[in-house]
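Same chain, two partners: subunit A is paired with subunit B first, then with subunit C.
Moving on to the complex of A and B:
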């Protein structure tokens, strides 16, 4: 391994001027220095930043090709490093909270549940249950309709209608989540409060339905991608033996794209799980467990995202560490979903030979 | 999907079966829309239509649908109308209608007749099995018309007789909600119209495989229609409710001056005079709270969003574009590329509130411990980064290899090829991707709550450009505007939900109307960006394939 790296370095060096390489190294080092100083909260951070900018300009003028290649590499590493930083900072800040409660924070159901303090026990379980309940409702709303929409766009619609429907669904993804929340808060919540005489303004059902609508565009566009990976030859083959379009979809297209469509649903579930603002303004923010658990109209309501958004602005001490712990749990749940979806998608792409 | 035109093997003239089932579908559509209108309270529940109460009319129409469907089924079974039914409607249909029968039977037995657990379970099972058998055992023309007709007739009868009406209410044990007639009648009517129209759509296509396709396509089309309907409702509500607020004391005329915020981008402006134009929209140009402002406006929020977006773009575009170039053009290591792809996809799917937490842990303590514009810009930049990498990478990949080969054949270096051949060809895709990404982060609220959100109603515009100060001691340069908390359009919408009332006296609208106006302006900004991006994508794609 080491000898291979040395060999590649020699190869790289032979194609570039030594001065350019030194300049590149100093540029990269000043970026590292800038990060280290920034991390240390130093007042001198501005110096390496300025030196980085200056060296970049100098290098760009003198050795453009080498600097361009080197800098793009540094930027790629920086992009990956951002994810690493997020994980590191979340875990470090959440550590004292987990240190106090251990994994009991995830399943403890006895009072007191909230809020985290150094002397009393606390629990994330109500929020985890809340997240699961709202996500389940959202999936029930979004999965069937989303798959139907994907089938329509990829298999049924004429070119003209597709040009209308597809941008329309993308616009739906573009509407900010706080706007959905505002409408949910002003119209949907009030409607349920008045017409269904629910005990609080806002409940799991309205929140779940709203974030289901918000997860729809994700499911539609990813599932549509998956459906269009199914080779045309397979569909034509089915049609050639005399099936109807629907039989082809049901027996050939959907089963072949099944893994991709399930990846789409997983990604949609991830979106619904991480959805924050609409849920924050619609949910009643009371922690507890619905009794019985299917009472989605009840007075309790809090999810992992909403508790962070609602209380994070002015929490301190163990309270904020508990919120970071909630962030870690949420991040892990969404990450598992998205990685699974990616693995499924990659397998499907390699199965049908990637023309995409 | 098929490019083969279908030749009708059967006669092409419209048959009686088609007339009746089309009629039933039309009835279903009317009922569907009318029920939603009642749910949204656009039509009062007790408004008489044609001399009958709305709900009674619903019942009559449902009964008519039931008669129509059952009639077509019977006629097809007796061979009076042409059809090509299969031997059975199929197990899926049986299970679905069995389920409806089970629930209906169970609810009637337990709630209306007050039977115990054993009793209602027995009744529910009996009804469910009977309906399922009715769907599965007879030929398809009966099996897929009679169960829906039964359901419609049941609901219709409840409505016509007034058993289920305005006065009806039901609060089941264990669920803290009361289901009242004024809601449940339209909901049941929607369900009935769906079931009935599905059955009619099957009948219209003559049952059999064509019939299944007709029924399935009907449901799929309806889902898409529903989605677009939701979109139209959202936009419609916001425009209808927000327009009046947004145009409070607005003037459009000739002659006079253009009302602009006193300082825009930190540069103090004179009272602009543009001949022949007089446009004043105080809701857009005023600050949100001040002694001298009669109409609270959105200028601080709009400028805040502008600065957030500009900062995020300055941070994310160079970084993301460079990473995309390296991935697409330089690296040959599959492993490295996969690693970066996993990282960017991970970043993309990370919930926005987690980015906020990260900003709170990493940036806020390093920018003086308080919320600041700079932290907001960087956090939104982190969120924009994966979008820039993914879209740029895709569009660089999409540049045909001929471009690279042709350039390399001229004997230029790899970097010159990238700079002069690949990047210009990929640029439209990159720009559209960035616009879509910006549209996404411009509406982002959750991270701003943690790292940027200042007072609920800001009294001053952020003036970033004029706040730079240079000092002789480190850090040599400072900018108070970048270090201040402030407002942004989505944050303003959030505060208008959480604040009970507008500050100050005598605003011409309530805080909720202020919210509607904010939602409208936010929607215009974000959807404007999206429309721009999507139109650009369609334009460039056409250009690429027509060339």
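Moving on to the complex of A and C:
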């Protein structure tokens, strides 16, 4: 292994000027130094940052090919390193909390539930349930609407309609989440409180419905992509044996694109699960379990994201470690969803990928 | 519509462009680094012109030579409740108005203090600084940031900032964390004002005849032992009890003063992060009860206050909410760490002065300290301690 790396390095060296390689190494080192100084909150961070920029410019002028190649590599490493650092930071900060409660923090249902303190037990279970309930409601709202929309855009709409509607839906993804939250807080919450006499202003249902609407653009555009990758030959074949348009959609297009469409739903749901701002504004912020658990109009309401956003600013000691633990749990839940979605998407591509 | 490569390259060579922008970037970075020594950010009231800035630096240098007093920017951070007091104080200080400026330093006040110096000059000279005599050029600058009580208390402890604003005590803010009693002793507590939060209800409830409740009833409402307004002589409606975020100064103060323990557990039906949201919720609902900052009460509108009865005494909005016995009254603190520096003392004394109490505390709808407490607080930061 070591010899192979050495050999590859020799190859690389033989193809580049030594001066260029030294320059590249110093550039990379100044980036590392900048990170170390930044981590120590040093005011001298600016020195290695300046040297990095200067060396990049010098290198770009003198050895463009080598530096460009090196820089793209460094940027990729930096991106991956950011992910790694975030995970490490989350886990390190949450560790004392898990050390105290162990996995019981995930399923404990007896009082006291919150807030985390060194001497009393606490639990993330109400928030985990809250996240699951709101996500389920969001899915129930977004999946049928999103899939229907995707089917219409991909299979039924005329070209003109498609050209207008699709960018329009994608524009929805650009609306800031606090705007959705404000509409939810002022209109949706109040409507349910006044017309349906819900016990609090805002509940799991209103939050779930709102974040479901926010997940729509993701679902529509990814599902539409999946539907349009179904080979034209399959649809023409079906039409040739005499099926109607609807029968083709129902029996050929949708089933073939099924994995892609489910990936779209999972991606959308992942976004809904991580949605913070809108939910924080709308939810009642009380911890507990609804009785029965599907009572989504009842008074309790708190999710993993909202508890972090709501209490993060004031928390100290074990309280903030508990919030970091909530972050770890949320990270894992979103990770599982998005990995599943990507695996499904990859399967879809290998199955029908040839038609692009 | 393909781009025309010839025309583009005529205009500017790509390499030249890259070189030029890179150089500009480095120049910008270099500019930053030379500036990083003096922290003048976070001040939105006084906007000195270029000339004023340069003369400020000259004055600063001469003052340093003559008396060796620090002219670094004094920094503060913390509670959003104390922020209006500290921030208004800081902006008056930084703008250093001349006597006779009717908005900032009326002539009556200058006469009362018997001075013809500018506002910050007058207060700073008592502590040994020399007057600058210029608008927007105080003897030293003050910058107050806005976050939460806990952040302010921690910031002071870690010596990131000079003054930590908190709307409950440092002890209560740090309850449950690793801070030892010896470390707690390093906090120096300066009380600059008093807050008294009234209990408010939805208009429909007050109209239906609930004009005051007892503190026992209040406790039971927040423990979900009383859940219907009919139990309190109101209409047959469920009670919607609204609270603030766990860990916030307001919530901690409520726990300590009403429930008797900072770690007590209460179960309001709904919590809000901001007074504004709370106000909107009380106005929207027809069955809500909440405690809210004074500035957000609407006595004749949708957010009317009600009285709170404790041991036979009735505490009412506009009458006696500032008294020490009222459980939702709380001291507003400016903490310093390990003694109070001359700079900190000069500013806190400014807040504690009669001028400060009227313009920064009462003008922001808080209660000024009663005379006796004011005297004690002033002695802690008196100029005579720094001679």
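Note that the second predicted complex is superposed on the first by the 352 of 356 C-alpha atoms of A that agree within 3 Å, B and C clash if a C-alpha of one lies under 4 Å from a C-alpha of the other, contacts with A are read in each partner's own complex, and residues count from 1 in each chain.
As a working rule, a contact is a pair of C-beta atoms (placed from the backbone, for glycine too) under 8 Å apart; a residue touches a chain by one contact, two chains touch by 3 or more.
Nothing here was measured: the structure is a model prediction, and the numbers come from that model.
Enquirer: Would you sort A:199 into first (subunit B), second (subunit C), both or neither based on which partner it touches?
Expert: Both partners, subunit B and subunit C.
Enquirer: Based on the superposed arrangement, let me know which partner A:114 touches: subunit B (first), subunit C (second), both, or neither?
Expert: A:114: touches subunit C, not subunit B.
Enquirer: Which of the two partners, first being subunit B and second being subunit C, lies in contact with A:286: first, second, both, or neither?
Expert: Second partner only.
Enquirer: Taking the superposition on A as described, I'd like to know which of subunit B and subunit C A:299 touches: first, second, both or neither.
Expert: Both partners, subunit B and subunit C.
Enquirer: Between subunit B and subunit C, whom does A:46 touch in the aligned arrangement: first, second, both, or neither?
Expert: Both subunit B and subunit C are touched by A:46.
Enquirer: Touching A:149 in the superposition: subunit B (first), subunit C (second), both, neither?
Expert: A:149 contacts subunit B only, not subunit C.
Enquirer: Once the structures are superposed on A, label A:27 by its partner contacts, choosing first (subunit B), second (subunit C), both or neither.
Expert: A:27 contacts neither subunit B nor subunit C.
Enquirer: Classify the contacts of A:311 with the two partner chains as first (subunit B alone), second (subunit C alone), both, or neither.
Expert: second
Enquirer: Once the complexes are superposed, what residues of subunit A are shared between the subunit B interface and the subunit C interface?
Expert: 43, 46-47, 185, 199, 280-281, 299, 313
Enquirer: Any idea which subunit A residues touch subunit C in the complex?
Expert: So the residues of subunit A in touch with subunit C come to 43, 46-47, 49-50, 53-54, 56-57, 60-61, 111-112, 114-115, 117-120, 185, 190, 193, 199-202, 280-281, 284-286, 288, 299, 310-311, 313-319.
Enquirer: Across the complex, what residues on subunit C touch subunit A?
Expert: For subunit C paired with subunit A, touching residues are 15, 18-19, 22-23, 25-26, 29-30, 32-33, 36, 147-151, 154, 173-174, 176-178, 238, 240, 245-249, 263, 265, 267-273, 277, 281, 284-285.
Enquirer: Which residues of subunit A touch subunit B in their complex?
Expert: It comes out as residues 38-39, 41, 43-47, 64-65, 68-69, 71-76, 78-80, 82-83, 85-86, 89-90, 92-93, 144-145, 148-149, 151-153, 155-156, 163, 165, 167-172, 174-183, 185-187, 192, 195-199, 213, 216, 220, 235-236, 239, 243-248, 250, 267, 270-271, 273-277, 280-281, 292, 294-299, 305, 308-309, 312-313, 320, 323-324, 327, 330-331, 334-335, 337-339, 342.
Enquirer: Could you please specify the touching residues of subunit B with respect to subunit A in the complex?
Expert: It is residues 1-2, 4, 171, 174-180, 182-183, 209-210, 212-213, 216-217, 219-221, 223-224, 226-228, 230-231, 234-235, 237-238, 318-320, 322-323, 325-327, 330-331, 339-340, 342-358, 360-362, 365-366, 382, 385-386, 389, 413-416, 418-419, 436, 439-440, 442-446, 449-450, 453, 473-477, 490, 493-494, 497-498, 512, 515-516, 519, 522-523, 526-527, 529-531, 534, 538 of subunit B that touch subunit A.
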